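Below: one structure, written as structure tokens.
Chain lettering (A, B and C) follows the sequence in which the chains are written, and residue indices restart at 1 in each chain.
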Amino acid sequence: MSLDKETVRKVASLAHIKMTDEELDKYGPQLNNIVGFIEQLSEVDTDNVEPLPSPVDIPLKLRKDEVTDGGYPEDVLANAPEALESFYVVPKVIE
Amino acid sequence: MTELTHMTIAEALKGLENKDFTSVELTQAHIGAIENTRHLNVFVTETPELALKQAAESDKRRTAGDAGLLDGIPLAIKDLFCTKDVQTTAGSHILEGFVPTYESTVTTNLFRDGAVMLGKTNLDEFAMGSSNTTSFFGNVINPWKNQSNPDADLVPGGSSGGSSAAVAARIALGATGTDTGGSIRQPAAFTGTVGVKPTYGRCSRWGTVAFASSLDQAGAFARTVEDSALLLQSMSGHDPMDSTSADKNVPDWASTLQGDIKGMKIGIPKEYRMDGMPDEIEQLWQKGIEWMKDAGAEIIDVSLPHTKYALPAYYIIAPAEASTNLSRYDGVRYGLRVEGENLRDTYESTRAEGFGDEVKRRIMIGTYVLSAGYYDAYYMKAQKVRRLILQDFEKAYEQCDALLTPTAPSAAFAIGEKEDDQIKMYLNDIFTVPANLAGLPGLSVPAGLDKDGLPLGLQILGKAWDEETIFRVGNKIEQAANFTAIPEMVMQKAA
Amino acid sequence: MAQLLQGETGEWEIVIGMEIHAQVTTKSKLFSGSSSKFGAEPNSQVSLVDAAMPGMLPVMNEFVVEQAIKTGLGLQSKINKYSVFERKNYFYPDLPQGYQITQFLHPIVGEGKIEIDLPDGTTKEIGVTRMHLEQDAGKSLHDQHPSKSFVDLNRSGNALMEIVSEPDINSPAEAVAYLSKIRMILRYLETCDGNMDEGSMRADVNISVRKPGNDLGTRCEIKNVNSLKAVQQVIDFEARRQIEVIEDGGEIDQETRLWDPAKNETRTLRSKEDAHDYRYFTDPDLLPLELNDNQIADIKKTLPELPDEKKHRFMDEFGLGIYDASILITERARANYFETVAKNRDSKLAANWVINELLGLLNKNDQGIKDSPISAEQLGGLIDLISDNTISGKIAKDVFAAMYETSADAGAIVEEKGLKQVTDTGAIEKIIDEVIAENPDNVEKYRGGKDKLFGFFVGQVMKKSQGKANPAAVNELLKKKLG
């Protein structure tokens, strides 16, 4: 499989990274190079193999239902590019 | 007395305990060394004031008899660990100016034991790289030089290039790193330092900027195996805030690493003998095998048949996880924001300007392999291959206690080399990536110099949770190799 | 009640499936220790995890697991002993991680079913496809500033249960009954407060139309339907819209639409082409959730009697009709109230007083059973006074009104106001004699055969006794005296 320019554009859009036509032309072949490399995996017989999403083999950790965190809006907002009256502020969302 | 910056951590701890010098003096010496090596671009952020404050507090504790495991030891911290009130960038423009209000578990543990932080070291952007050339804050320069081409600046390896260079350049006694596909072991090999990546789940990932969550593990750089064990002991431990952190006892590895390896079975995986690998590396590996035999270990030939597929599997899994781990960098709550025409444009402009080329490539690959229609062919396939790689190791460990391999397929290369072809760059991690996929501990020990006078490392891989064995084996390599070379730059400075 | 809609080309059937998001009743969030309480100051219930600061990691709330199992059992569903959290990737300012942690391929709860009660007294079974756990998003406020949106993450990371139904619902009334029944069950289980005003329960409605007997039509998903009334309105509007489109020769686009309550219409939010590619995959920060049989069995033991079980028991045990039983089981508190009133008393009389008098009055005042100024014991006391003939049914209504006003016991009010029924025949006879003496003309007419006047005499006697005379005794004595 190789990625055409439109696919690269679509992927960049999904990833929310702005790209000019020139950039799409630059990244396209690089991505194809990598995709070509990872496609080696198709050689491997993986029938009846369970996927391994994590190398740890321990049960999911659970915590008690207690309020132990929060209550520091100043910390939460400390690095905000724009904030007002304890809200984060972003360009208007239009739906 | 050895120059303060040239000691091992173990020696420095003794010196502090004997009152030969104070932590303030030790720290001051390192701050001076840092000032003299700024051209290496090791640090994104230096924290000399904080270091001296911590050193003074350490001296008080020591006087009061309350000294911790690493009390007063000046360390360099990879700028991927969030540090309270100290800028944390992950080597990215998108986090430039980000000052966490919290402290990572790993640095919290180090500070609990009295460590002093000299600053935050440079790294490949979001730890994505093997050369430290993807940092927004510029390349780190390896203190070592290629004697055949002394004018060329070399890479320190990556992604923890600042940390490896700091330890090699004698401007920190030790350093923290993170290793997702070799980002501790490969730079350790490139800089003649010891680098350890523990079992996945040994160190908490809480407060460490995530690259690929199922692969990321914190670890340490030092100049001896013993020092690396001391650092790792401090950094490790169960953390209820990380669901993948294991509730395991942390052994005192430094106290057991001198133990002998007589009768231990050391596996030599035949698939690690790669085409085109420099002879010197092959020879060094053979030397390592001899050293093992000399120490009474038994050498076993083993096979890890899916080794070849580790790298392609890694380059699906790591970018897939990274592509979503990095979605939070959107210019809303912290970090860079580039105002656009509307919200969508603000997102896209922020991420276009905030991320560098390599990060964008990996986000795009990760997005692609997870997207509708490709998921099974790539991501699911890679997860299955990952299982096969783990099973390879499990089978091998039925026959042996640890594996001995080269750490990297080459010595440090010149900055700019391999930049034109991503795959060439990715191949740097060919020997290190399998351990990340399987979650196993690995240690790189400097074992010799090549004909250009550049350090080469040997890697010891262990069973899950058996760091004790790799430290012990590493200690034997260290003794046999007797690696005493230091970069010329450091010798000149010292002279 | 699968009501058919009449179009220009004939009758249409509506096919509806619902996704209900119910906030799990907890103290803290799904993956962080910040409070899940509603209504706090902006960003004051936000942890570093909820704000998705770099390096932050989720840790699962164990109580949410119990609540989910409980809910699954309450929905008569299969509990999956192995479930997995995945990341659902999309960008939105109130989704700090850039992904929602949810369950996709392996939800904690599998197939089940519930019974819904329809207004005509019939019931219908609706299939539950699955229920999974997921994180809630924060809130974006769009009306505070002309060019900016404000983001509050207090809700970000709250635990939600998403309950997905089979497309078994065929009318607005069924949809309302389904949502009501789900809410009732969750409230019984105390796993969700069901408070739709505060957003604790929200629904997405999938609607399609077809000619009866045909294959399923193309569906549209309507987002954020946040009240029972809105469910009704959304389905009414959307079914009509779809029928019109098809009858005008058009096709339905599979799309996501938004309900605009102000304009009473749905409009396109995004078409299928713009549909998100969510790129689901296992969250590497969390390991699979594994449950064992003991854990599930232990939780099963703690389940309360569920609404339908209670309904059938009320019908069997108290001889109530399905209508009365359905009203009484709507909430646990109401059912408990009724049971206290009905205990060792005439259960139909009890049901009548609870439903027609008490609930009638509470509803009129916009109050619930918990606000009742009359306790169940007090209402029982009133019924006792009726049963032992201390007061008449008519007087009882006055006593009830006074109890509602003052919260006093029935006996005290009867005592204080002297409302005790007069059963002493001597006293009643005396009044009758007076009435006969005062109305000689009518006595004559009655005795002359005008039987209808009997009621007049009863009325006069009751009036003179201020309603307190025992009606049966008055009847008997009057008959005797009038001859």
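To be clear about the criterion, contacts are C-beta pairs under 8 Å (C-beta built on N, C-alpha and C of every residue); 3 or more make two chains touch, one makes a residue touch a chain.
Everything quoted here is computed from the prediction, not taken from an experiment.
Distances between chain centres, each the mean of the C-alpha atoms, put C farthest from chain B.
Comparing chain pairs A-B and B-C, the larger number of C-beta contacts belongs to A-B. Centroids of chain A and chain C (each the mean of its C-alpha atoms) stand 41 Å apart. The mean-CA centres of chain A and chain B are about 23 angstrom from one another, to the nearest whole unit. Chain centres here are Cα means. That of chain B falls 58 Å from that of chain C. Residues of chain A found to touch two or more other chains are 14, 16, 53-54, 56, 58, 60-61, 63, 75-76, 88, 90-93.
Shown for chain C are the residues in touch with two or more other chains, namely 48, 51, 59-60, 91, 93, 149, 151, 277, 279, 281, 284, 286-287. Multi-chain contact residues of chain B (touching two or more other chains): 98, 101-102, 214, 240, 243-244, 323, 327, 330, 332-334, 343, 347, 367, 371. Interface residues of chain A facing chain C in the complex, by the touch rule stated above, are 14, 16, 53-54, 56, 58-71, 73, 75-77, 84-93, 95.
Across the complex, chain C meets chain A through its residues 26-28, 32-35, 41-51, 59-65, 91-93, 140-142, 144-153, 258, 269, 277, 279, 281-282, 284, 286-290. Across the complex, chain C meets chain B through its residues 48, 51-60, 87, 89, 91, 93, 96-99, 149, 151, 277, 279-281, 284-287. By the touch criterion stated above, chain B contacts chain C in their complex at residues 81-82, 88, 90, 95, 98, 100-102, 104, 205-210, 212-214, 240-244, 320-321, 323-324, 326-328, 330, 332-334, 343, 347, 367, 370-372, 375, 379. Only residues 1, 3, 7-8, 11-12, 14-19, 27, 30-31, 33-35, 37-44, 46, 49-56, 58, 60-61, 63, 72, 75-76, 78-82, 88, 90-94 of chain A touch chain B when the two sit together in their complex.
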